[in-house]
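Two complexes come next, and they have one chain in common, subunit A, joined by subunit B in the first and subunit C in the second.
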Partner chain A sequence: MEDSKLLSVRNLRVIFRTYRGIVKALNGVNFEIGREEFVGIVGETGCGKSVTALSIMRLIQQPGEIIDGEIIFDGTDLLKLSEDDMRKVRGKEIAMIFQEPKVSLNPVLKVGTQLKEAVSIADGIPQKSREAEEKVMDILDAVGLPDPKGLMNKYPHELSGGMAQRVMIAMGLLKKPKLLIADEPTSALDVTIQAQILNLIKDLVSKFRTSVLFITHDLGVVAEYSDRVVIMYAGNVVEIGDVYTIFRNPVHPYTKGLLNAVPRIGQREPLETIPGIVPDLVHPPSGCRFHPRCSKAMEVCSKEFPEMVEVEKDHFVACHLFTRGEKNG
Partner chain B sequence: MRILGIPVPESYKPMIEDLKHTMYLWRKSRLTMVGTIIVLAFLMVAIVAPFVAPYDPIEQNLKEKLLPPSREHLFGTDQFGRDIFSRVLYGSRIALWIILLVSLISGGVGTMIGVFSGYFGGIVDEILMRITDMFLAFPGLVLAMAFAAAMGPSLTNTIIAISLVYWTRYARLARAEAMRVKNMEYIEAEKAIGASHLRIIFLHVLPMCISPVLVQLTLRMGTIILTAAGLGFLGLGAQPPTPEWGAMVSDGRNYLVDQWWISTFPGLAIAIVVLGFNLLGDGIRDMLDPRLRR
Partner chain C sequence: MNLLNFIVRRLLLMVLVLFGVLCIVFIIANVIPADPIGALLGGNAPPEVVDEYKKKLGLDKPLAERFVSYLLGVLRGDLGVSFRTNRPVLEDIKKFFPATMELAIAATILSVILGIWLGVASAVNRNKGIDHFARVFSILGVSMPVFWTGLLLLLIFYYKLDILPGPGRLDIFLTPPKRITGSIVIDSLLTGNWEALKNGLLHLIMPAFVLGYSATASIARITRASMLDVLRQEYITTARSKGLEERKVVRNHALRNALIPTVTIIGLTFGSLLEGAVLTETVFSWPGLGRYITNGYLVLDYPAVMGGTLYIAFIYSLVNLIVDIIYAFLDPRMRV
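For the complex of A and B:
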């Protein structure tokens, strides 16, 4: 059972030491990704989606710090690896693509140079060799970029956003990694390009048998592409389930609120919103972090932190409405 | 072809046009032109000195000592009968050598220290920058004197001493630039594909830090000559009979009232070359400043 999971994140806690105090960015995050699974993480701005992704890559920078937890990837705890060993994991086992493709490329180097550099880091073949060049041409072809040869001689500013993101995807998938982390890869792109890029990612990962951790705040994208969904709120995972369960039968009040806040075609009534704003993570609310905004808050919610419970098979939720129910029943 | 929606002829090459504009700005500023001409002349003299100099700069000829400027000896002769004109010409080579080596050493060392400091930050930064502070706490010439005196006077030691004093400025500049660049997202993307720190530093951070350092280096060339001449004058630089300008000025001190030419001509050479470098440096800085460009 354990072995079948590619990645399992257990009780991950990350803090940022700032002048205002300690920001508890991740407060015990738990989730798993299976092999060849497409998992979407959804949540509001500042709920810890990107911090989770960067923690998995171990790229959290000062003043951030991982203070507790385990990140088991393919049987090894990434948090226990030396920096050198971790570097071998990055790019080869786990790749990452970023939100802003155009600033993720060095503006003063040609696209070809940067791709060849990635090849030489991954495979140890010389950057200037013909072999490296051929590999780059192949992968550029695979991500659907016409005229790879001409493209390699271009600088990043000569590319459109969509082209640049394809280049980044090419760079990420060069070594056929086991896991691809995509941190809002389409937020900076046009809607029409978004679909192309998402389809491309979906095609390539099924071809390369790669798992995907997809970070977004766009529920539509998640519904379309994910196998499983992780809902995060203020540094906690509040609900996990497969995509049909989450969208048809959400149980956590926050998930319900999120889904109600999506406009539907033909809808006449005003859009429902979740009252209040995301809490300040320097002084997070006691107990369940969602309770000040929750319409179903009870007394226990402000006192105790809700544990994750399985409400039905493979559908987990962290809410006192269900822990209570279990105890009583 | 269109640029910003404006049709332009096919022959329009933005980089060439930009270069043309730079050349125009260069010609327009008289002071920069003066600086350029002086520096070019200085370089020319350094190159052709052996062919132009009428006498050996070191050979003594006591029969002709302390002669005033004349047709045979344009700048006169010193107390050992050496032709001052030839010595001034040869001195330009030594000055050029000092500038080159000091720029290379102090620029290289400073940039490396600054880049490492800025890239790694934290305790590395703290240690390197406190060392830099220690060097900055002393007046430049005094510190250079101390180093030169401690290592023993010679041309090589002069170069080392001056480099040891001047690297701090480049370290600070490169550090600031490295701190800016290391937070760019492409550096994070680079880390995400598994690049090592050294690769990131040398291929992606260092190239970004070089241009401000280069500008600063050209601005500092005049100062380097002055410092070298100062050390030479104090007897801590190149040793006689090397025709170093500072040392030559010092040679003529005792004869200043009656044989003024011994000190005056090398002194003038120092003044003119430093002026040239400063004018050129100022001009380059103005040309590179986007606010002053148009």
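For the complex of A and C:
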């Protein structure tokens, strides 16, 4: 089973040392991504989705720090690699695209220069070579951008958001990575462009046999594109399961709350919300971090951290409602 | 073309600015309660001679008339005749300005290289040794007055250690190179006079450092702040996520973005270099425009003071125009 997984993140803990105190951003995150699998991570703003993504790339910057855990990628623990080896992984094996495509491209360098740089790192060919140029033109064509030649001479501010995101996807996929991490790649785009970009990602990853870790807060997107869903809350994974299972039979109170907060066409009643706000991660609630907002909270919830349990095949949840059930049964 | 349009517009603005400077300089020079004739002839000159000199220098005419004739003169490129040297002020400026320019350019080069390097090094190694050093160095730079640093360095490196030459542009016994541009470094390069070149450069080190120190400090501070800001930008994360080495991330992706605010500061500090030159030149006996203006002040030589100030304002505006053009070159977003 170990080897069939492309990535497994185990007990990942990340903190940020700020003047206010230590922010416990990730509090033991566990999940796996299979080969050619499309996994969506869902959660509110500040729940640690992006920190998880950056940790996998080992791009957490000061004052952030990974203090514990394992990130096993294709058989090696990325956290144990030297910086040089990690750079090779970034250059070739894992690609990342971001929420704001226009600020993710360097404003003072031409689009072509930035793409050729990526080719040169991934394939070890000189940046100014004819070969690098051809590869870039091919990939620009593959992401559906017209006039690749003209585009290469443009600066990022001359592109629209959708075009810039296509350029970012091109930059990520030209190295044919094993894993693509997409951190809310469509949140900053118009709805019509969103669908185009999502379909493009879906098509290309199946063509290149790339796995995807897709971060979003849009449950609709997750439902449509993901194979599996990871629900995060305040630095913890609270529920993992197959996309159908999660949407038909959510078991964690937080997941249920999230799904009830999605408006449905024709719905007349006011939208349900989860009471309270996301906790302050400098002083997170004890025990289960969701307990102050949970309608089903019990005494044990504020005392003990719930372990992840498998409620049905490949459906995991971290909630005392189920750990108890298991103990009793 | 857009750039041409921009330059023409800026040149027109510059004319306006220079007119403003001219007005202010003229008014200040003429309303201060001092008597240039008295300064020129001494307190005991007979009244006839005083009247004669007043007439000769045109000081008997009303202020407005003098202003108009000065303005018309400036438009023709005539800055008047110095009371003290009896030569046209423009001739004097041509004679003294190259020395100042040489000093200011040397100070700029020094402060740009040192300042950017320090700024980048301290941003990349934030809160480590080099950063603390740069911070102290910068605070000293902006807080120590030029004349004091100058005297202190002369005392240490010339008088005590004797490893750098003392005041002046060249050693006394050295024949200066044939005057072509007025800059010792360039002239000795052009004439192949290596001895003068070496000596001239050695003489430049201390005054250029003293003059450029506070500029170095401000450039280092701005570069550090802007570099820290740039390193937080998402395109830097993109560059890192490509698997680029950190050194190249800084050099190829961050530096050019970080330099945009720095370039603006370089233009502004160039002005303070020209201004600081007045003191530095006095301390180092540097025969430049700054000293010319200072000496002019001492004998109330108004044409010299006004002409020199106007000329410096002109150079300053020109440098800032060039800076704005560099700005457009660095940042493609400015070119639209």
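Some notes on this structure:
What we mean here is this: the second predicted complex is superposed on the first by the 329 of 329 C-alpha atoms of A that agree within 3 Å, B and C clash if a C-alpha of one lies under 4 Å from a C-alpha of the other, contacts with A are read in each partner's own complex, and residues count from 1 in each chain.
By definition in this document, a contact is a pair of C-beta atoms (placed from the backbone, for glycine too) under 8 Å apart; a residue touches a chain by one contact, two chains touch by 3 or more.
The structure presented is a predicted model; accordingly, all values stated were derived computationally and were not measured.
Partners subunit B and subunit C clash in the overlay (superposition on subunit A).
By the touch criterion stated above, A:Glu65 is placed in contact with neither subunit B nor subunit C. Touch criterion met: A:Glu117 reaches subunit B and subunit C at once. Judged by the touch definition given at the top, the superposed model places A:Glu36 against neither subunit B nor subunit C. In the superposition on chain A, A:Asp74 makes contact with neither subunit B nor subunit C. Judged by the touch definition given at the top, the superposed model places A:His157 against subunit C, while subunit B stays out of reach. In the superposition on chain A, the residues of subunit A contacting both subunit B and subunit C are 57, 59, 62, 87-92, 95-96, 98, 100, 103-109, 117-118, 121-122, 168, 171. Chain contact summary for the complex, subunit A toward subunit C: residues 54, 57, 59, 61-62, 87-92, 95-96, 98, 100, 103-109, 117-118, 121-122, 155, 157, 168, 171. Residues 57, 59, 62, 87-92, 95-96, 98, 100, 103-109, 117-118, 121-122, 168, 171-172, 174 of subunit A are the ones that touch subunit B when the two sit in their complex. Those residues of subunit C lying in contact with subunit A across their complex are 126, 232-235, 237-245, 252-253, 256-257, 330-333, 336.
Per the touch definition, subunit B reaches subunit A in the complex via residues 121-122, 184-186, 188-196, 199, 203-204, 207-208.
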